[in-house]
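As written, the chain order gives the labels A, B, C and D, with residue 1 at the start of each chain.
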Amino acid sequence: MEPRPRSFYVLTGFFILFLLFLYGPTITIGILSFQGENGGLTFPMRGVSLYWFKDLFEQQAVGDIWGSFRRSFVLGLMVMVTTVVVSVMGGLAFRKRFPGSGILFYLIITSLVIPSILISLGVGLMFSQTGLTVHWSTSGFGAQLTWTLPFGLLIMFAVFNRFDKSYEEAARDLGASPWQTIRHVVLPIIAPSLIGVALFGFTLSYDEFARTLLTAGSYNTLPLEIYGMTTNVTSPVLYALGTLTTVFSLVIIGVFLALALVSNRRRAKAGTDAGKGLV
Amino acid sequence: MPPEGARPSLPLLTGSPMNKLRENNALKGWMMLSPLALVLLAFLVTPIIMITVVSFWRATEFSIIPAFVWENYDFLFGSPVTYTVFFNTFKYALITWAATFVIGFTVAYYLAFHIRTQTWQIALFLLCTIPFWTSNIIRMISWIPFLGRNGIANSALISWGVIDEPVEWLLFSDFAVILAFVHLYTLFMVVPIFNTMMRIDRSLIEAARDAGANGIQILWNVILPLTKPGIMIGTIFVVTLVMGDFITVRFMSGSQSANVGRLISNDIALLQYPSASATAIVLLLTVLIVIGILLRFVDIRKEL
Amino acid sequence: MTTSKNDLELVGVTKRYGATVAVDAIAHKFKPGSYACLLGPSGCGKSSTLRMIAGHESVTDGAILLGGRDISHLAPAQRGTAMMFQNYALFPHLSVIDNVGFSLKMQGVDTAKRRAKAGEMLELVDLTALGDRLPDQLSGGQQQRVALARALITRPDVLLLDEPLSALDPFLRIRMRAELKKLQKELGISFIHVTHGQDEALALADEIVVMNNAVIEQAGPAQEVFNAPKTQFVARFMGGHNVIALSGGHYAIRADAVDVTPSTQGVVEGHVTAVEYQGTHVSVLSRIAGDQEITALIPDGAFFANPHSPGDTIGLSWDTSKLHQLTA
Amino acid sequence: MTMFTNRNGLSRRTLLKGAASTALVASASTLGAPMVWAQNIKDVTIRQFGTGVSNLNEVATKVKEDLGFTLEMTALDTDSVTQRAATQPNSFDIADIEYFICKKVWAAGNLQAMDTTKLTNYDKIVGIFRDGKLTPESTIAQGTAPHTVGFTSGQNGTDFVNEESGWMTLIPTIYNADTLGIRPDLIGRPISKWSELLNPEFKGKASILDISSIGIMDMAMVVESMGEYTYPDKGNMTREEIDMTLGIFTEAKKNGQFRAFWKSFDESVNLMASGEVVIQSMWSPAITAVKSQGVPCVYQPLEEGYRSWGGGLGISAALSGLELEAAYEYINWYLSGWVGGFLMRQGYYSAVPETSKAFMSADEWGYWFEGKEAEGDITSPFGDKLAGTGDTRDGGSFEDRMGAVACWNSVMDENQYMVRKWNEFIAA
């Protein structure tokens, strides 16, 4: 092993501090969610219990946590699928410049940088002025896409910037139609990145607050419900929910990682080099 | 169609067939992009137009009335508070940017250049991202028991004898706001910088060392300039997220400070949509100008 | 004994990565002021050796001496070596002139002086006109010359070149070969050039060091290594040789020392398996008893006067004095 | 046929069932036999929204039990409630809103007037919501007193009338008298005036709420108490009065008087419980929540009286037919006592206290309504202990508290101006 420079140890120290900073609140939440039955939202702990987790599964005084969780989950899946499909199509199309592609590109950037509250306000106004009813699966869905699509597209741009075009040329030489080329060559090669896009699509949606605020309609999504709870709930059940949603997010990441691993392993078994086409 | 038809370099394909091909490209491109274009049209362009239109409307307590008046803008530009609030917005953006940049760059640098195996790089990187999967709101409010007058930080400092009286400015202050921003958004800086750093050819570092550059010189003359695209992308994320925020400032300042986002959200809460729209339009223009300036330094499409 | 300042010696130099030995206790003294090639197949340890000399990899064991001092633990810039990288490693964000002047900038030389100096170097490599361009606006050959200028500006005693020609097309490669050789002669410093191409090594090197499996198989003047390979590996790797197992052991014989005769008149009888026209020569590949293959390189005139095609039975003959016994 | 809008994705089967029973209702209604559709009402879903104060899931559960139909509850913060009531008429069937919000949204036409003859307990509703007087001798407090926005001229009225016209805008449900909450242990001396909020003694330890229409009233109470100014009508300030009031508070804010402003119930609880703040405007259940964490907290009655608020249920203008009937049935049930008892045991008051009495123990009634000493532990409906033997309620009996109301939460004519100035105050 090469010897470590002194800066390594300094930076390791910095990195550990950074992790502490990052994890501080998460750990605080984690600890406080095991607060005893009579404990409050702040320290000190009054005993240790699973009471608040149990409480989470019983009916709350207000709101509907599990309903909102279900909606957020469904919405997350909707957004995820749409983001993947639209981003791939967009990424493919954007490889060539054509009239209008520049404008669309700047729209994507605008969509990425526009303050989220504007989307919320604008979509809300648009629906109310045209007499449509806002609903999480229509206006909320669209509003979230304005945030997840630019993300997905940026990832796809990065992927296609590094995509070796000779694979496609080879496929075409071998008589593949454009669709076959995409289906049998391009998609398998970019599959690992698609898992990334899907993960982003899901989690960005699952955590989105501002864009859903005025566009979700009668039924809350989970972040809205949590926000609502911060206005009404004064018990550690809020932290139990926080801990549980973190665990849930971790499970989701785990599932995606496992998917990536499995697909890699299957490839390795099949002995192909797919996925290596990205240089 | 013979396969050669796809090769525009053939001398046969000049003139009109070439044009046809180009048209075809545009058509195909637009067909592939139509879902994207539709979403952006329906949920980005139309809402912006809507906001622009409404910003000229009049409002009552409970409803908005189509009109064409400048009173929302007059009020906005006429109030000294607007300038304070815009100043605050820039202040938060700038300080948060500086902090996230220093932290993000250092962390990315450490991961990219001091961690040797890719497995460890990925593992440590994932470790950084885990806290970002907790709900933002919960992450934010969990600072409160930490920073409060009788919070963990103050109790610890007092028990160590560093201070005698609880430090008040830890919570409900600009410090708390920026701390929360940095906490929420540093990852947006780490990811793109790490990504660009990972693509720096290691032989460039060796070449610099060969040329006699020491660690700091390499950092300043090679790594920093080569990381610029990542820094720019991270900057765009952090600056726009901070400038558009309205929740963090409210929670962490104890409602004592405001940025433009809060001005808008307060107006929305009070059903003053035209006034909110006017402020939103001004905010949007401000953000777009800032981003426009940043984009002059980096070709996002090329650098991804 | 005098030691000149570009006297480079490797003493038991070893590189281990965990349990893998990349370079196994090699020892060699390079001839001062000469053009040396480290030749070998990929993974033989030649690049690691070069990088250890340059200081980009630590030496696990042994020492590297330059001009009599142990440089094994010095920083790259303090060694008196300079390295030219395989892909040139030009800084993409700096102009040609700033790339060349980079090391001066690191020393804190002021801009005017730096630029003047860099200009001189560019003149040396014939690129004065392109000083303000960015690297990716240059052709491969131009980039290489910039890299050369950048390495030479430090006035190294030894210039280390890591497969410098591999990224060029064949024409350019041959031209650059000549230029490198010329430059080395002019500057009078040592060049150590890593390559896996024996033709490149033969064309350039005063001294060839053949490496295989982490050790030096043979080192010596180019002609000696080519004409008198010590081992089967060297004989095969240098090319142009047949390795034949005879009763006394393994022997090498140059392909152009093998004659094709009618089947009964040769030392051995062989069956032609392939005929390859190579311009000035024709290579005739044949199989002899014991399942050995022998290549004979016949001047094209001689061949076409008496052509053979695959399947023919021929005789192969040689002057036994041209047989060269191999040690391993 | 407007009776069965296929809103909640009713299945074909329910639609058929509905159609069949519509015919039955049509034929049976002349006979006055609502029993027929009672079978069918189980399929009805009523969507209600409001603040977390009263949009409790227990109520929905009880409705399912007692009435058979489904009540969907959405709890929002005060601002979102206003927003939804005013701008999203299709997103609810019943709006659980405050009277001052009603003043804002009634004219938007999103709600329909309710026929008091269909309300079984109308006569038992307390005077506050009918003629504005708790007792015949009471004076009516300033601000948006509920009775001033409680009635409209007729079925399709969009105005407000001052007399009991038989058509109500909101059916009153819940109300209370608010005052300052304090931490007696950290203050250590009696507090008796609103002006204490700006006392420099509490610099950096005071708070008020950041909901303009409520906050401005608290401010007005403070300004009057300081002797700075006496408002002709706190509930309807002039621009000068607004500027002056907010000016005083902006000054205090700049001097660091406030630790934070709160917008949600939970924030006020945490500010108080953690000791960040020792004196602030507060809502009664928040005091309860602080106490249940074992932290001493008092809902301090003050010399100048209380700032009061009231809420009620409004019916969406879009509601008709069977669902409208269900809504009336729900409202009648709401006033019949169970909910009242449930709310009163948390420290609010029911609009029809006498029906609620049946759903409270004598001790609870004595403690919460009559201001008597508790004879045993007083617990909340959720089982938390709120008071022990010998404790009395802060502020005393119903008459003592509601009789000392100085003003009601309100929306003033210059509301828009006030809102903008409030926004500036927060941003200053």
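In the analysis below, a residue touches a chain if its C-beta (ideal position, glycine included) is under 8 Å from a C-beta of that chain, and two chains touch if they have at least 3 such contacts.
Here the structure is a predicted model, which is why all the values come from computation and not from measurement.
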Going from subunit C to subunit D via touching chains takes a minimum number of steps equal to 2
Per contact tally, chains sharing the most pairs are A-B
Rounded to the nearest Å, the gap separating the Cα centres of subunit A and subunit B is 16
Averaging C-alpha coordinates per chain, one finds the centres of subunit A and subunit D separated by a number of Å equal to 39
The distance between the C-alpha centres of subunit A and subunit C, rounded to whole Å, is 53
Within subunit B, the set of residues that touch 2 or more other chains is 144-145, 148, 150-151, 268
Going by residue number, subunit C touches two or more other chains at none
For subunit D, residue numbers touching 2 or more other chains are 83, 87, 263, 270, 274
In their shared complex, subunit A is touched by residues of subunit B numbered 3, 6, 22, 25-26, 28-30, 32-33, 35-37, 39-40, 42-48, 50-51, 54, 103, 106-107, 109-111, 114, 124, 126-128, 130-131, 133-146, 148, 150-152, 183, 186, 195, 215, 236, 240, 243-247, 261, 264-265, 268, 273, 276-277, 280, 283-284, 287-288, 291, 295, 300-302, 304
In their shared complex, subunit B is touched by residues of subunit A numbered 4-5, 7-8, 11-12, 14-15, 18-19, 21-26, 28-29, 32, 41-43, 85-86, 89-90, 92-94, 96, 98-101, 104-105, 107-119, 121-123, 125-126, 129, 142-143, 145-146, 149, 153-154, 157-158, 161, 172-173, 203, 207, 209-210, 214, 222-223, 226-227, 230, 238-239, 241-242, 245-246, 249-250, 252-253
So, in the complex, the side of subunit B touching subunit C is made of residues 201, 203-204, 206-214, 217, 221-222, 225-226, 228
Residue set of subunit C touching subunit B in the complex reads 54-56, 75-78, 81-83, 85-87, 89-94, 102-103, 105-107, 150-151, 154
In the complex, the residues of subunit D that touch subunit B are 79-80, 82-83, 86-87, 103-105, 107-108, 204, 207, 210, 212, 253, 258-263, 270-271, 274-276, 411, 415-416, 419-420, 422-424, 426-428
